[in-house]
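In the two complexes below, chain A is the common chain; its partner is chain B in one and chain C in the other.
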Partner chain A sequence: MRLLGKEEIENIAIGAALLGTGGGGDPYIGKLMALQAIEEHGPIRLLDPEEVPDDALIVPSAMMGAPTVMIEKVPNGEEAIAAFKSLEEYLGKEIYATMPIEAGGINSLLPLALAATLGLPVIDADGMGRAFPELQMVTFYLEGVSATPMVLSDEKKNSLLLNTIDSVWAERIARTATIEMGGSVMLAIYPMEGRVVKQSAIKNILSLEEKIGAEIRAAKKENENPVDRILGLTAGRVLFQGKVTDINRKTQDGFAKGTATIEGLNDNKNEECKLHFQNEHLLAQVDGRTVCVTPDLITVLDSDTGMPITTEGLRYGSRCTVIGMPCDPKWRTEKGIEVTGPRYFGYDLDFQPLEELHLVKEEI
Partner chain B sequence: MASYRIGIDVGGTHTDAVLLDEAYNVISEVKATTTEDVSSGIYQALKRVVAASGVPVEQIHYAMLGTTHCTNAIVERKRLNKVAAIRIGAPATTAIKPLVGVPDDLRSILGKHLYIVRGGNEFDGREIVPLDEERIREIAEELKGQVDSIAITSVFSPVSTQHETRAGEIVREVLGDEVAVSLSSEIGSVGLLERENATILNAAIVDVATSTANGFIKALEQEGIHADIFFGQNDGTLMSVEYTVKYPILTIACGPTNSLRGAAYLTDHPDALVVDVGGTTTDVGVLVASFPRQSSLAVEIGGVRTNFRMPDIASIGLGGGTIITLNEDGSFQIGPESVGYRLIEKGLVFGGDTLTTTDVAVALGIADLGDPSLVSHLDKEVLKKVYTKMVDMAEETIDKMKTSSDPVPVILVGGGSILFPTELKGASKVIKPENSGVANAIGSAISQVSGQIEKIFKTDELGREETLALAKKMAFDEAIQAGADPDDLVIVDLEEVPLSYLPGNATKIRVKAAGGLLSERKLTGAAPL
Partner chain C sequence: MRLLGKEEIENIAIGAALLGTGGGGDPYIGKLMALQAIEEHGPIRLLDPEEVPDDALIVPSAMMGAPTVMIEKVPNGEEAIAAFKSLEEYLGKEIYATMPIEAGGINSLLPLALAATLGLPVIDADGMGRAFPELQMVTFYLEGVSATPMVLSDEKKNSLLLNTIDSVWAERIARTATIEMGGSVMLAIYPMEGRVVKQSAIKNILSLEEKIGAEIRAAKKENENPVDRILGLTAGRVLFQGKVTDINRKTQDGFAKGTATIEGLNDNKNEECKLHFQNEHLLAQVDGRTVCVTPDLITVLDSDTGMPITTEGLRYGSRCTVIGMPCDPKWRTEKGIEVTGPRYFGYDLDFQPLEELHLVKEEI
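After this line comes the complex of A and B, so read on.
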């Protein structure tokens, strides 16, 4: 167990943006909520997964809906509490701790704000190790953990308890309800026992985010480029360096889909990188050759500052470094690839691990 | 009867003024020193430019001012209004109170009267809850005699202004016109905290703007000039005095914008990179269809995160007064310190004791200024290295702002533009227009009037084409309201950003229309513009 104060929150927010792989929502709101909660209630207890009793009830917390709504209709902090109380009452058992289901983006910070307010500990783990757009895209799902019973709560004090036959149905119904409830709700979801967390979660992800954030900030202070330090922490590699020359976006089925074209600079001179995104970056190709694909992580960094750039923040002329990072091994299983691999997102190609794609390039 | 106009632009070092005829020919131009109070520098420049022109004052019909008064007030935390901030959004939004994340010193000045009231809208325009009008009235009563300016920010006011407008009405009913009211929907876009911050800052500088405007009107009157007065805003267009004192925050960063606009006009290049070399910094911006490219990132003003439009400018510490340090081992350092406006007493070629970038350019025969014999003793080889590095710095910044590796025209303006050569890497050509030293003041004088809207539309309802047509019409209406000639309007910017996880293909659309001024004189048929 250790304590997370304001400094740690600042670092985690930067790491969360990086693992957001271009999506996941700007962690800024979540950061301010966590900072205000720490100011009012004191620091947060962070538990290593191994410290959690096997039979303890663990309930992850997350927002569902459009990040654009949340940056305008900021939560009041009671939504997540209401969802927790409601689920606790339904299950007839006290919740021992919370955790994020999604390390990337805003959902990494919101459980911290909740934990500070309720005085609950947070487990140093999540269900994605990155950001993904749908509820069933968590490692808990791969292990057969049900998303329900789950509770959705809005700021108007509406609450909805869902029991569905599987997580895909939970995603469908919750998504529709979210729109009616105002486009952004808080969830108490994937209730599970401590032993299940140990088995199915991606561990020590908040600590990783904190380290990433600390390195980026330290590099900034020392006027250094943090990219190498980031790669060291994440076993990642540079996929491409260049300048964004074209962005093509459209909304389809509620997703911000699109392609960014990046013209090569430095080692990539005379090459062209295409980044395909659906909220998150999912596929990177250089001159038609795949260099990284979901569920492996693709993140775009500002070449000068090393700060992550979201898909919305990408614009003509951005000088960027595209990095690839291997996903958690849980995603590289048959079921993991079925749920989050390229074909699920409509790309007609097979998943190949980042390391192998890189080998292919070196052989050529 | 001939018709003239004056453009004035206040920079960090110089206050520049130009007087143009109706065909925008430069009749006279002056550079005055920017003074600490800003205003006396403006009056100096005004007096001198009129005197130098020999134009009869009754033929000066327009006066445009781009000034730093408002920026300075925020950065220096001085002369700020006593403000109250009312956020309409409860039961939502209370997890982050107003001004959280704003630097403490500013928070202690502006955060004395903060309220969160029930109300606000959903992303699709529905009410979250009805507006608590009672509470707004109570707050207004409480604030009697306590504040002189109120910022009102309602959740999703960029989608529906209803609650914000109603709250403004109630506040005015109780407090009358003495208290200024700033509505967030007029200032920023989606993003509650950033828009709220910008609105609070706006409320805080209302008095500064009013006294600046009054001072300018008085100064003109003292010269016997009875002109229509406009202020430059940071998107390269003008606003009336009435609008300026309501929305003074829009004047922030109008300086770099004016340079860009002036450069476009002077060279007839609507798409180009503009390098504005001042005394202390070099600012590089991008012209797209004669307007500055806007920054897509949250912009900090005085340490406060805001989200209103700002020109996208890359700035480096390299200007005409930048100090060069030569070390004994042959190495050197360029800036970032600068002698600024004191170049003419400190620079070596002017008989001073400090080696500056200007001295380097003169010694190498690139610029012809001051007394070259005063720098002839310096080691040319070392100076060449310094100069190469200076050019490198500029070229690197140019490259960063480009949208592709294709060479683009580069326009050099500003007093320090004499430092740079006529060839630069990445430039298809380098243009140094005549009067480039006062491009900013010219930009101020020739500005157009614009209207901009930024809203979330559900494109499924009307279809994309009709939605865009509606958005354009709204922008036109805004521009006409701001004083533009309806017959002269064009769309100068259009951006669609689809929003994820929302139904109906919700899309954020930003449209800007701009056109020439519809003058009082045109209306009365007295003198065509």
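After this line comes the complex of A and C, so read on.
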């Protein structure tokens, strides 16, 4: 157990946005929520997964909806508490701790804010090790853990308790309800025992986010380029550098879907990188050649500051560096690829690990 | 208290379809469900509202969805029990009785089938005295009773518990969830105490349905036209007689919406009647002149048999008689008109009682 204060929150917010691969919500809003909760209630206890009792009830918390909507509809914190309390009452057992289900500016920080407010610890783990757009895209799902009973709450105080036959149905019903409820809601989801967290979660991810954020901030202070430090921590590679020349973005079916085009500037002046996203970046191609694809991570960094840019933060003219990072090995299994691989999202190509795609380029 | 056996069910199914004004579900399916439940579990106890203890917990049951979908997706009975049991558990109090929320081929009969299966009594009352397409269109809503906590269950065993700030939000969220869940679901809804039923329900409506059905069947047996008998029981009037020449029907936003055109045959050969429906018939016009409009009741009868025809049962060439019937006085209040009047459904006209519209015609 260690305590997270304001400094740690600043770092986690940056690292979470980076692993959020363009989605997971605006890091500024997430950070403010967590900082305010710490201000009021004191620092947050962060537990290593191994410290959690096997029979303790763990309930992850998250925001669901298109990030484009989340920005205009800032949560007031009450929704998350309502969802959490309502699920606790339904399960008839005290909740021992919460945790994120994904990495992202809001979705890594919201559980921290909630934990501070409720005086609960947070477990240093999540269910993706990155961000993904759908609820069944968590390592818990790969191990057969059910998303339900889960609770959705909105800022108007509407609340839904779902019991579905599987997590794909949970996603379908929750997604349409979310759209009707104004485009974003708070979730208390994937209730599970401590033993299941130890077995199926992606561990020490908040600590990794914190390290990434700390390196980026240190580099900034020292006027250094942070990209190399990031690649060192994440085993990542630079995929492309250039200037955003086109963004095509729409909010559809509760998702922010679109493409971004980045043109090369110097050595790669005649090259073009295309990013395809659905809340998160899912496919990066350079001149039509795939350089990184889901479930591996694609993140856009500001070329000057090294700060991660969310898909909704992409602006025409921005100088940016696109990096790719290998996903957790749990995602590279047959089931993992089936649930989060390119074919699930409608791209007619097989998953290839970032490392291999990179090799191909070097061979050419 | 009296017992309802097979004979009573046969009658109620017909009368319910007639008051269902074209909606409320297919009477054949509803009847089969109730008859089968009686076959297995014995007759159903029907309680007069005055017999219900003030503090007893009453939970109405209903099917939600477009009637066009209900026909293809016959409920197996398990969904309704699941919804009912789940709400009972959530409320932590034993349910004393159930009742319909609306009149209709399925929605009057489903609570009877459920009651037989669970060994519960049914209250001789509902919340509309007719059928309406939306969940807040019940007399309980006029008196401030909340639709939630409510439970939706589908045949796949998905279930949702809703707690909303008002019944309009319950309608919105439940409707989109219903569409996602396949177009129809079972509801346990508007939980309330016995005292509230006595105050806000439309009373003795199942008995009225039974009387109407008995008259239609008796007339058939005696080879008489039942229309006059129906008008006598419902204070109704004949609006038009003719032949269906056009039907325009689509399932949209979870509703069966459309228009039907009926052309006159003998005395009224050059006249045309147009019916506008959204699950239920809402507006009847003869040569562009309004002859009956929601919340007053519009029902289409088979001209030969006097049997009510649902909107999805309307066929090109059918000989039919359109009748109008005054709604319950609760609907003719300012709030009642606001919730169920023509302007709510997008028709640019004020509500006028059937009796007055009829007078106008006689003056001309």
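Convention: the second predicted complex is superposed on the first by the 346 of 364 C-alpha atoms of A that agree within 3 Å, B and C clash if a C-alpha of one lies under 4 Å from a C-alpha of the other, contacts with A are read in each partner's own complex, and residues count from 1 in each chain.
Everything below uses one rule, namely that a residue touches a chain if its C-beta (ideal position, glycine included) is under 8 Å from a C-beta of that chain, and two chains touch if they have at least 3 such contacts.
In this text, all values refer to a predicted model and were calculated from it rather than measured experimentally.
Of the two partner chains, chain B is the only one that A:319 touches; chain C does not reach it.
Once the two complexes are laid over each other on the shared chain, residue contacts for A:125 go to neither chain B nor chain C. In the superposition on chain A, contact is made by A:173 with chain C only, not with chain B. Ranked by how many residues of chain A each touches, chain B and chain C are led by B. Once chain A of one complex is fitted onto chain A of the other, the partner contacts of A:163 are limited to chain C, with no touch recorded for chain B. Looking at the shared chain after the overlay, A:33 reaches chain B, while chain C stays out of its contact range. 156-157, 175, 179 are the residues of chain A that lie in the contact sets of both chain B and chain C, per the superposition on chain A. By the touch criterion stated above, chain B contacts chain A in their complex at residues 89-97, 100-101, 120, 122-124, 126, 128-129, 155-156, 158, 190-193, 286, 296-297, 400-405, 497-503, 505-508. The part of chain A that touches chain B in the complex is made up of residues 23, 29, 32-33, 35-37, 65-69, 71-78, 113, 133, 155-157, 175, 178-179, 182-183, 243, 245, 249-251, 254-256, 263, 279, 312-313, 315-317, 319.
Contacts from chain C toward chain A in the complex involve residues 86, 90, 156-165, 169, 172-173, 175-177, 179-181.
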